Amino acid sequence: MTRTVALDDLVRRIKPGAKVAVAPDYAGPPMATIRELIRQGTGDLHVVCVPSAGMVVDVLLGTGQVRTLETAAITLGEAGGAPRFQAALKQGSIRIMDATCPAIHAGLLAAQKGVPFVPLRGIIGTDVLANRPDWKVIQNPFADAEDPIVLIPAILPDIAIFHAPVADRFGNVQIGRRRELASMAYAAKSTLVTVERITDENLLHSELSAAAVLPSLYVDAVAVVPEGAKPYGMWSGEYDVDPAEVAQYARVARTEDGFRDYLARFLGATVPA
Amino acid sequence: MTRTVALDDLVRRIKPGAKVAVAPDYAGPPMATIRELIRQGTGDLHVVCVPSAGMVVDVLLGTGQVRTLETAAITLGEAGGAPRFQAALKQGSIRIMDATCPAIHAGLLAAQKGVPFVPLRGIIGTDVLANRPDWKVIQNPFADAEDPIVLIPAILPDIAIFHAPVADRFGNVQIGRRRELASMAYAAKSTLVTVERITDENLLHSELSAAAVLPSLYVDAVAVVPEGAKPYGMWSGEYDVDPAEVAQYARVARTEDGFRDYLARFLGATVPA
Amino acid sequence: MPAPATPRELLIVAIARLLDGCRHVAVGASSPIPASAAMLLRAQKEQQDEVVRISVLGSQEHNFFTNGGVELFDCAAQGRIDAFFLGGGQIDGQGNINLVGGGGDYPQTKVRWPGSFGSSYLAFLVPRVILFREEHSPRVFVEQVDFVSAPGTSPPEVYRPGGPVALLTGLGLFSFDRQAGRFTLRSVHPGHTVEEIVAATGFKFDIPEIVPTTPGPDAATLALLRGRVREEVSECYGEFAAAWRAEVPEVVTAM
Amino acid sequence: MPAPATPRELLIVAIARLLDGCRHVAVGASSPIPASAAMLLRAQKEQQDEVVRISVLGSQEHNFFTNGGVELFDCAAQGRIDAFFLGGGQIDGQGNINLVGGGGDYPQTKVRWPGSFGSSYLAFLVPRVILFREEHSPRVFVEQVDFVSAPGTSPPEVYRPGGPVALLTGLGLFSFDRQAGRFTLRSVHPGHTVEEIVAATGFKFDIPEIVPTTPGPDAATLALLRGRVREEVSECYGEFAAAWRAEVPEVVTAM
């Protein structure tokens, strides 16, 4: 049963040590949830980027609340490298599980299907594979000739988090064609969503609007947080990315002090009700 | 590049011997395409039901144009057993590959992902498995204890066929939440779609309508055939299933002669323009 | 006094009892009695402020899926479905079901049924699989099925969080012991006897010393059934609801 | 007479030539030059009544996918993408690319780049992978990468329908021989020399006796570039198109 709750109550459902799947910059990055997660000081997190992330995860890395990071990339895009990601790796303060985009999708797919693994082409001979002892290479049982293939084990997040434009009163959430959000939710034990607004319309009522919906069956809690993806944009058109803000972050967060200053402002920022 | 063509031209793209994936009764069964396929006498077909079928495939079986049938079930629903399916099996005139619904979905998924197989739970100890030498059981390489798991090989259709409510002029097709239609198209070399109508609107233009769309990238040809799913209904609300027609078919097609009579009428039936 | 419960109403109530504790019940296409039972459970739990979700395959109104036909199976694998119903052209004493065909050598069997559908999968993954078949006869309940669409039990090394827990027929209710792979008769429907069931069953099963009569609905349940539940059922199964209404027309107001 | 082709226009034209024959070109996020090249190819082919499809990741306008971020990778595996572009913090003479980091021991490298993204997969499956990096220096073009995000070649038993076919830099164009695992210099951009390229390249490569100058666009191509293509590019890459317009403002009418 989906509950509509306050943001702080939503975030309290994320426990220390949790494996948390995070939506990418282009599909409703959960900035408001991350901000509250930092406020609450929930630590020891295993973050899975689906399949990459930007400032959302870089800020969290800067607070030292991440134990393990599983991702295909962390980047601030045009603004350049992700400073706290780079610093954390240099310090050796996190365990990095470097992946490649389709492998993260494959791991979530295995969880969705309730199977221990799915096979994936490519990857053989890379140092990505060499550094992932949790991935296995087997001989394709259907081939007569030699045919090695990688098996990606299921990624089983405790929590999936993303920001979406609209949920209805039943907890159905509009995800449009951002179907990675559905994949995350299928795979996760629990899915927590922030939205721009709640609609009175049942989003599953029309066959066509239903195609754009993650059903409430997979959604454990919804919190209304307008502009919850900022400074990133919303694919649904509510607002665009603010490149100046991301660029400023990229600049000041290069130093620990600059990051601390930014963080203070970031955490202090109140969200329009 | 998607072409809008006449139905007979669309169907001529299906060659004798082709492996053809067919949409189920609840997701736009391609009745008009099957009718034309029978008219053209294209034979030696390998039909894959995604994952089951009714009259659409039973009629085709009655004409002897099916060499191999891969399905989780053939049924006329409330109207009872599928008479030509039963007759074909009794005569031993087709090769049956009995499956179970998720295995057909899994085989198409493997094709979508370009991998030779995907694993699937369940099935072990069934006579479905015992009669599918093309399926394999392996020890789960990620388990320490004994843990057998079935591997389903990719199903690679030459052609996927279904009926949909709307296509746009670019060949984008509205499939709503009937995502098995997308799975079929991803897996198939070529996808042929009949639609109720063509719209001038670009279906990919809005983020929300896009969620309900199979992009033209996967669609090779579209033909406009109003009421192309009848006597089955369209999920999009254009018309409902005609249970009396299905029941009549179920009754008369029990005998070879009754089927021949029905077929003559069926093939003679003109479609409202 | 309302009209006494009909045999079908008894079945609905018996199934609803088997579903107690489920949060999400999935019902296959053309399954009006299981669907009615799930709707009864939902209505009952609502009075206790608990939510029961029902997915009726093929229904527009009760379909919460948006990822195509595979979503039911994925959902089951994710542990998000607590109960499902399976029938069979044959069901045997080890809980095996046959949805494919019987007599002669497969695939050229004398009788051919539609096929296994999702049974070969769901029977492994749904915790509470309820076997349901109204016709209770030796041709259905056989010593050994001719084709195993889904086995009743599996060896310990096979991943199997789910499986059959009960068998409900037009004559009685059995429980199924997944360890022993055997049915035990739990109750006999009103107007029938243990002897009748033994005679109509082609497989051996355990019979406790006392086999009660399958309890019918109390007045409140009957009122829910003939009121709200029948109303909801008619959205999915119009003909079934109409026949039901013809049988017992009155709507009883709940106490 | 229009202004002569700028270095970036030359790169766009060189890439468009490498794409000849492709029906579907996918372009990663933040790749304005490859995107411009694909759009040029599309405009050129349209004149011959051929259709070229372009998918620009992250673009709303040029995004034909409706199945989430995974669809690009599925599409590549299905053989529906003919060309893709990869860069790298390091690229070596065997065609290996490194998008992860260099210097010191992984994962505590001195320099850390974003990560491998989809390169470890797409480099295997897309038939025509074009390596593209404007900076041509010994720190980029190294003898051996410190981390292999994607290998240039694979042993014969590894399923690999795709791989690199060319390397384009700010100085010249190389072809890549997947059998030999070696680059060959194919042309030098106007104003540069073979010697300059040898000095700026940290790996060994083959140099034919005659290395021509990379040809620039003809007048018709230049007109397309500064007209329709720049217009289309501005929808995805506004800043890039604005800078381009500042460099060469005029729009030339095609002959």
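Order as written gives the chain letters A, B, C and D; numbering starts at 1 within each chain.
By definition in this document, a contact is a pair of C-beta atoms (placed from the backbone, for glycine too) under 8 Å apart; a residue touches a chain by one contact, two chains touch by 3 or more.
This one's a predicted model, so the numbers in the text were calculated from it and none came from an experiment.
*Asks:* What's the fewest number of moves from chain B to chain C, given that each move must go to a chain touching the current one?
*Replies:* Minimal hop count between chain B and chain C: 1.
*Asks:* Any chance you could check whether B-D or A-D wins on number of contacting C-beta pairs?
*Replies:* By number of C-beta pairs in contact, A-D is the larger.
*Asks:* If you take the mean of the Cα atoms for each chain, which one ends up farthest from chain C?
*Replies:* D
*Asks:* If you average the Cα atoms of chain A and of chain C to get two centres, how far apart are those centres in Å?
*Replies:* A distance of 40 Å separates the two centres.
*Asks:* At what distance in angstrom does the C-alpha mean of chain D lie from that of chain C?
*Replies:* 60
*Asks:* Rounded to the nearest whole Å, what is the centre-to-centre distance of chain A and chain D, using the mean of the C-alpha atoms as each centre?
*Replies:* The computed centroid separation for chain A versus chain D comes out at 29 Å.
*Asks:* Can you list the chain C residues in contact with two or more other chains?
*Replies:* Those would be 60, 65-67, 77, 125.
*Asks:* Can you list the chain B residues in contact with two or more other chains?
*Replies:* 113-115, 120-121, 147, 149, 177, 182, 207, 210-211, 213, 235
*Asks:* What's the contact topology between the chains, one of line, ring, star, complete, other?
*Replies:* other
*Asks:* Which of the chains touch, listed as pairs?
*Replies:* A-B, A-C, A-D, B-C, B-D
*Asks:* Within the complex, which stretch of chain B touches chain C?
*Replies:* 24, 26-27, 50-52, 71-75, 77-78, 81-82, 85-86, 89-90, 92, 96, 98-103, 105, 109, 120-131, 145-149, 177-183, 235
*Asks:* What does chain D use to touch chain B in their complex?
*Replies:* Listed in rising order, the residues are 24, 51, 53, 60, 64-67, 74-80, 125.
*Asks:* Any idea which chain B residues touch chain A in the complex?
*Replies:* Those in contact with chain A are residues 106, 113-121, 136, 138, 140-143, 147, 149, 151, 153, 174-177, 207-213, 235-237.
*Asks:* Across the complex, what residues on chain D touch chain A?
*Replies:* Interface residues on the chain D side: 29-30, 58, 60, 65-70, 73, 77, 99-101, 106-110, 112-125, 147-151, 154-155, 157-160.
*Asks:* Sort out for me which residues of chain A touch chain C in the complex.
*Replies:* Interface residues on chain A, with respect to chain C: 1, 111-115, 182, 186, 204, 207, 210-211, 213-218.
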